Amino acid sequence: MLEKIKETVYRANLELVNQGLVIHTWGNVSGRDEKSGLVVIKPSGVGYSEMKAEDMVVIDIEGKIIEGKFKPSTDSPTHLLLYKKWPSIGGIVHTHSTYATSWAQAGRNIPAFGTTHADHYYGEVPCTRKLTDQEIKFDYEVNTGKVIVERLVHTDPLAVPSALVNCHGPFCWGLDPGEAVYNAVALEEIARMAFYTVLLNHDKPISKKLLDKHFLRKHGKNAYYGQGEK
Amino acid sequence: MLEKIKETVYRANLELVNQGLVIHTWGNVSGRDEKSGLVVIKPSGVGYSEMKAEDMVVIDIEGKIIEGKFKPSTDSPTHLLLYKKWPSIGGIVHTHSTYATSWAQAGRNIPAFGTTHADHYYGEVPCTRKLTDQEIKFDYEVNTGKVIVERLVHTDPLAVPSALVNCHGPFCWGLDPGEAVYNAVALEEIARMAFYTVLLNHDKPISKKLLDKHFLRKHGKNAYYGQGEK
Amino acid sequence: MLEKIKETVYRANLELVNQGLVIHTWGNVSGRDEKSGLVVIKPSGVGYSEMKAEDMVVIDIEGKIIEGKFKPSTDSPTHLLLYKKWPSIGGIVHTHSTYATSWAQAGRNIPAFGTTHADHYYGEVPCTRKLTDQEIKFDYEVNTGKVIVERLVHTDPLAVPSALVNCHGPFCWGLDPGEAVYNAVALEEIARMAFYTVLLNHDKPISKKLLDKHFLRKHGKNAYYGQGEK
Amino acid sequence: MLEKIKETVYRANLELVNQGLVIHTWGNVSGRDEKSGLVVIKPSGVGYSEMKAEDMVVIDIEGKIIEGKFKPSTDSPTHLLLYKKWPSIGGIVHTHSTYATSWAQAGRNIPAFGTTHADHYYGEVPCTRKLTDQEIKFDYEVNTGKVIVERLVHTDPLAVPSALVNCHGPFCWGLDPGEAVYNAVALEEIARMAFYTVLLNHDKPISKKLLDKHFLRKHGKNAYYGQGEK
C-alpha cells in the first residue's frame, strides 16, 4: 500500500545523504498520505545504502504499524505529534546536520541576518526550551514534538518550516517530503552563514521591512518570485 | 534569437552550481549582447537541473520581455541598472555564496589582506549601505542596483568587479558572463580567506605598494602576468 | 593466514580515506582474530592506493611478525597495549582527522554538548594527559597506549569507544575494525559540531538525564533504537 | 627535451587542482633536472584544463627560456632563487591554498601544535618578514625568494620544507616535484588544524622532546617509520 509515498519517502531519505546532511543513520524522513492520514516513515537504524523503498514503514497517527517488516524510526512519536497538531503539513525531516545542530547545541535561535534567511523563514529559526527531567524520562519522543509546537504556537508552521530542538538538532517540514528536504537543505546553509556572521561580530537581525519584502516576494498571494504556478 | 548568448548564460548558470556557489535557485547570471544591447537572463525560480539553454529570457534594457516563455529573474531590474550605468560590462552574476554572503550579512567591506585579493580587486571589496525603508518598499530591485553604483561611484567597475549588498549578498560582473562567473569564484575564495585572517586576529590591509604591484602585474598596459594576449 | 581479517582490515583502511579522515598515510586500522589472538595491521608508511589486502601484516600480541613482507605500522605497540588491556575490543583505528586532532592539540576533552554525542559516547570524549619526557624517550608508542588506558581506567571502553591523545590525535575502537571505523567517522563529526558549539559561546554539557536517555535508548539491554537484532 | 620532467611537472600541477589547493591559475610547480641544472615550470596564466605536458617551459637558472612556446610562470624568479641557494632541492610548489594563505595574510608562523606537524616539519612553519617598498618595486619576484631564504638561513630546507610569504601565501619544496606537492598537501591540512587549535584558545607548541621524537622517527638515519627503503 501507499507505494508512491514509500518511493517518495525513500528517495527523500537518500537525498539527505546526497546533500551531506546525514551520515550513518542520523536522520529520517516521513510523509503523510492526505487521503488516509497514514504516515510513511524510515525504519529505525537501517543503513541508507541497504534500505529499499519497500522497507519504509506505514503507521497510523497513533503509531500503530499498519504495514512493514521493520520497526519505524525511534523518532516516529515526534513526527506524529507534529502531524496531529499541524494539519497543513505533509512531510517531516529530522537530521543532525552540522551547523543547524551546532546552533541547537548552543541553545540559540538563528536570527534572520540576511535576505537568504528571509526568503525562506518569516523570522528567526526558533530553538525550543530544554525538556525537563520528567519530559525526558517519560514519553521523551512525544515531548520532543510538544516543545516544538509550544515554541511555534503563535506561528504558521509553513511560514517558519523548521525548529531546533535544544541540545539535539533540527526538525524541518513542508507540504510534502520533498519540500521538507528542500527546507532542511536551506536551513543548513542559512545556519552556516549565520554562524560565520556571528563570528564576524555581527548580531543584529535585518529590519522588519526587509524581512517582509523578501519573504512576501516569494510567499503568499502577492508573491512575484518564480513563474506564478506552484 | 541570441542563441549563442543564451547558451553562454545557461552554461554560466550551471557553472555556479558546479563551483559550489549556488544551491536551490539562489543565483542568476545575465549577459548583454553588445550589438543590440539586449540582455539574456535566467528565468525566475526555475531549477538548474530542469533548465535548458532555450529557457533563458531575452529582455530589453527597460525590462520588457522580447523573447521567452518564462518570467525573467526577479533580480532583473538590479542587473539592468548596472548595465545602464556601466557600459563597459557584459555579464553579471548574483549568488548567495557562503562566505561572501556572510560578509554582506555582517555589513563589512572585505579588506585586501593579501596578494590573492590584490590579483583580482584593486582595493577592498565594498559593501553597500543598507537600503532605507522607502527604498525597500518601492522599486526594491532597482534600488539594490543603485546602492551598488553609489558605492562604486569613484571606481572603475572592471577594477573592482564585485560588491556586497548589505544584508543580502554578492553581485559580480565582468566583460562577459564567463568573466563574471570567474570573479564570483575568486570572490568566494577571497572572502573565505579574509574570514580566516580576521579570526587569526589580523585586521590590517596590505600596503598600497603591494596592492599596486599585484593588481598591475595582472591588469592594464604594464601587466606581465599571462601570455600577453587576451 | 587470516585472509578474511586481512581483507576486512584492508577495506577499513581504505574507508578512512573515502570518509575524508585520512590523507597521505596518516592513519591505520588493526583487527584482532578472536580465536588465535593474533592482530592484523596496516604496514608502515605504505600508500593507500598501492596497498593490497595481502600486504596487511600479522603480528602476535607481543609485536612479533607472524606473517607479512612489510614492517607493521609504527603505532603497533599502541594498538597491542589496548588489545591486551581490553579483551572486549576487536578493532582499533588511529587517524589524524581534522577536528578530533584539533581538540587533541588543544589538550581538551570533548564535552557531550548534544544528543548526537550522547547517542555514541556515554560521557565526554576524554583527552589523555601529556606524556612525560621519559615516556616520550623510551617505549613511546607503548606509553601512548598506557595514557589512554589510564585515562579510561574507570570506564567501559565500549561505552566510550574513543580517546584523544594529547598533542597527537584520536584513537577509536570497537568490537571489530568496521565498528572502529564507524566510531572514527562519528567522532570526527561530533568533534566538528562541538567546535562550532564552543565558538557560539556555549560550554555546558547536556544533563545526565538526557545523556542517559540517548545513550541507553541505543545501547544496552533496554535499548529500543534499531531493529532489535545486532 | 626533458620530456620526463615535463610530464612530472605537468602532473604535479594537475594534482594541486585535484587536491583542492588551487583554483583558477593560482598555483605553479617547477622541477629541476639534476644533470643539466635546467628548470621546468608551468607557463604563466594558462588554465589547468587546457594545459598539456609539452606546454611546460624549460628555463636555465638565470631565467632564460631554453625551450617552450609560452612565457614561464611570473613566479619563476622566486623558484630560481630558491634553486640557486638550496642545491639539495629538486621541486618547488607555490599555491594560494586556503588555510596556509590565511596564516600568511595574518603574518603568523604556524607553531608545531601536534605530532602531525612534527611528522613533517622540524619546528614551526616560518612566515617571512614583509618586503620593503623598494623590494616590492624592483625585482619583486627575486626578493620574494630572498626573504624566504633569509628566514630559513639557519635551517636545513628539507627539514622545514615550506615557508609562508607574508601577505601572500605558501611556497613548498622537496627532493622532486612530487615531494613538493606532498608537502603542500600536508601543509594545508596542518595549517587548517593549527587554525582550529588557536580558535580553541590554545597557543603553546609541543615540547622539543615530542618534536624530536616524531620528526626523527620519520626522518634521518635513526628513522624507524615506513619500510626503511626510500
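Per-chain numbering from 1; labels A, B, C and D assigned in written order.
Going forward, contacts are C-beta pairs under 8 Å (C-beta built on N, C-alpha and C of every residue); 3 or more make two chains touch, one makes a residue touch a chain.
Only a predicted model underlies this, so the values are computations on that prediction, with no experimental measurement involved.
Chemist: Find the chain most remote from subunit B, comparing centres computed as mean CA coordinates.
Modeler: Comparing chain centres, C lies farthest from subunit B.
Chemist: Examine where the copies subunit C and subunit D touch and state whether the two sides share over half of their residue numbers (same) or under half (different).
Modeler: Under half shared, hence different.
Chemist: So how far apart, in whole Å, are subunit C and subunit D when each is placed at the average of its C-alpha atoms?
Modeler: 33
Chemist: How many angstrom between the C-alpha centroids of subunit D and subunit A?
Modeler: Result: the chain centres lie 46 Å from each other.
Chemist: For subunit C, which residues are shared contacts with two or more other chains?
Modeler: Answer for subunit C, listing residues that touch two or more other chains: 199.
Chemist: So, with touch as defined above, which chain pairs make the list?
Modeler: Every touching chain pair, ordered by label, is A-B, A-C, B-D, C-D.
Chemist: Give every residue of subunit A touching subunit B within the complex, in rising order.
Modeler: 113-116, 182, 185-186, 189, 192-194, 196-197, 199-202, 206-207, 209-210, 213, 217, 224-228
Chemist: Can you list the residues on subunit A that touch subunit C in the complex?
Modeler: Spelled out, the residues of subunit A in touch with subunit C are 23-24, 26, 43-46, 70-71, 74, 96, 98-99, 101-108, 130-131, 133, 136-137, 140, 167-169, 195, 198-199.
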